[in-house]
């Protein structure tokens, strides 16, 4: 590949992976809006059933925005790409792609236990897909670079997983507990990872 | 990050943010077309209910085109990116992502007050998200650059906010006043920002 | 802008416009597939109503593929971008964004005159938006470059407009004439513009 | 084109083709999620009809992920682009764009023969579009480069086509045979092409 790279400028190793991930995340975020379909009536009170849908849309939008921010930071510090990283990244995108489906279910049944719990299941699977799965696959082929040193421990990631698991269980007590915990995780991650 | 940047070419600081914003805007624009679903019949008169939908689609398409144009100009003059800029940008994208929902509601009830008013609420929130929120977050980390000097005052932005607020109130007199004001704001912004 | 450009590598002048256009075209092409929703039954005969939808999808996919190919060639030869080019490009994207709506209407009423005619109206408006509107806006700010010399006359564009107008009128005789003419225009444009 | 290229940095020959393909693939993957629309009820048992839909979504997601991975490898080793490559690439994207439609049909009738068979028809057409159609069009204009030498024989591609054809026939015996074969093909392709 050396000869080819030497004779012609080419996008960096990570840029197509980043562009593809951006594409998926952009579509995932935007198709959630389709759930905010207009009410049949045209008065302010017709908007009432949209309120929980809008609130969960705000949560999921923030959630996906956090992933995009951290993904951006992570790959801007990543030098080498492997097949393992590509599949770990697709595995993360798979779980994120289910966010619109669970967002729609929660929006339609905001007081029900199962939708609130399933939202947490997708969230915790995405969290694990990001860290440790994706981060470890990156460290494996970037051992001597800044990203490997920076990603030493992952306190935030571990706290998130614990809070998500608590939220899944508490959904069967009161879904409002779950939503509060999802918002708490979002708040923890709001500030991008300072290690990178 | 210096060592990494020095050894390998990498996309500029703003390019992934721009690419992600482009992705969101492209999907936001295009899913509005789903509301222009074909009429059940196959004659010219069956198209009549689509006329208001098409008109508000033209308005929203222009509206989003203006944001894309100005966003493009803004970030092509921006040098440094911060976490604050990333979140300000996502906040703008959040409000723009609601345009398809309000466009659909207006298209279904073109003579009703609330849809026309809500369109203005989303429009004014997006306008404020762009300026001052996004522009100020850019100036904060780009103090000595051309973009900071260029973005001194924002007369167009202030006029837009005033016109949007007037449109929201006038929707309850006659929605046609609101639509005229939305078109007027679009006309003001049609020419990209000469400051950049 | 010179100082800024000199200190930091930046994407070329046309690349964000190309990326945004690619995004819109990618979504426009793909949401047409939503019209190919699965039939209620599960036998081969249940697929029958999908046949005209699939055929018009092939036509529209080819149509949009041709635009993408020519757009790609056009902008890879374009050096300078102006506000006029940006708006001419958005105007082209506007008409192309209506393709899914007319494709859906034709797919549901393949033997009716009005859908076949409206398909031609959108096609001819897109053709005019591409040439002369977009090409002239490019020539205006790229006078001494290869693109200006190459885009001297546009025989293919003129023939396309004439064939589209004929197809619109002939839709009221028999829509099959229209479809044949649309396929003929696609065949003419299948080979990318040799002038560039 | 030399003069133009010499005066201004420009994206590499393949990058816009890659970006456009990424855009289409990202939307194709994500609109499949729309089929996972939430059940009307809010209990765990309401999720039951979603199980086959989710399983076929996993299959199609993996399937498209494999294409993206191999497409990425293929074009990162490709130097020259021709009109033939562009159309071969669009032809591949056409067949991949039909994946959401057949995925939806299979998800709604997981035990029926025809949806399982049609899934295989689309899969085999996409496989042939990738290899030999796309790979040969690349070799034709990249004769002395690494990609041509690397793409000498295509055992995996031939095996895939045979397995897909078997799956289409066996769908009429039992669709589970077909699904097993689709999963087997995915497993074969899971590891990206080592030739590149």
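Chains: A, B, C and D, in written order; residue numbering restarts at 1 for each.
Rule of thumb we're sticking to: a contact is a pair of C-beta atoms (placed from the backbone, for glycine too) under 8 Å apart; a residue touches a chain by one contact, two chains touch by 3 or more.
Values in this document were obtained by computation on a predicted structure and should not be read as measured data.
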Exercise. If we define chain centres by averaging CA atoms, which chain lands farthest from chain B? Would you check?
Key: D
Exercise. Would you kindly state whether over half or under half of the residue numbers at the chain A/chain D interface are used by both copies, giving same or different?
Key: different
Quiz item: Where the centres are mean C-alpha positions, what is the separation of chain B from chain D, in Å?
Solution: 34
Quiz item: Which integer distance in Å separates the CA centroid of chain A from that of chain B?
Solution: 24
Quiz item: On chain C, where are the residues touching two or more other chains?
Solution: 9, 11, 19, 23, 26-27, 31, 34
Exercise. Using the touch rule from the top, collect the residues of chain C that touch chain D in their complex.
Key: 9, 11-13, 15, 18-19, 22-23, 25-27, 29-31, 33-34, 36-39, 42-44, 46-47, 58, 61, 65, 68-69, 72, 76-77, 79, 145-146, 190-192
Quiz item: Can you list the chain C residues touching chain B in their complex?
Solution: 1, 3-4, 7-11, 16-17, 19-20, 23-24, 26-28, 31, 34, 83, 86-87, 90, 93-94, 97-98, 100-102, 104-105, 108-109, 112-115, 118
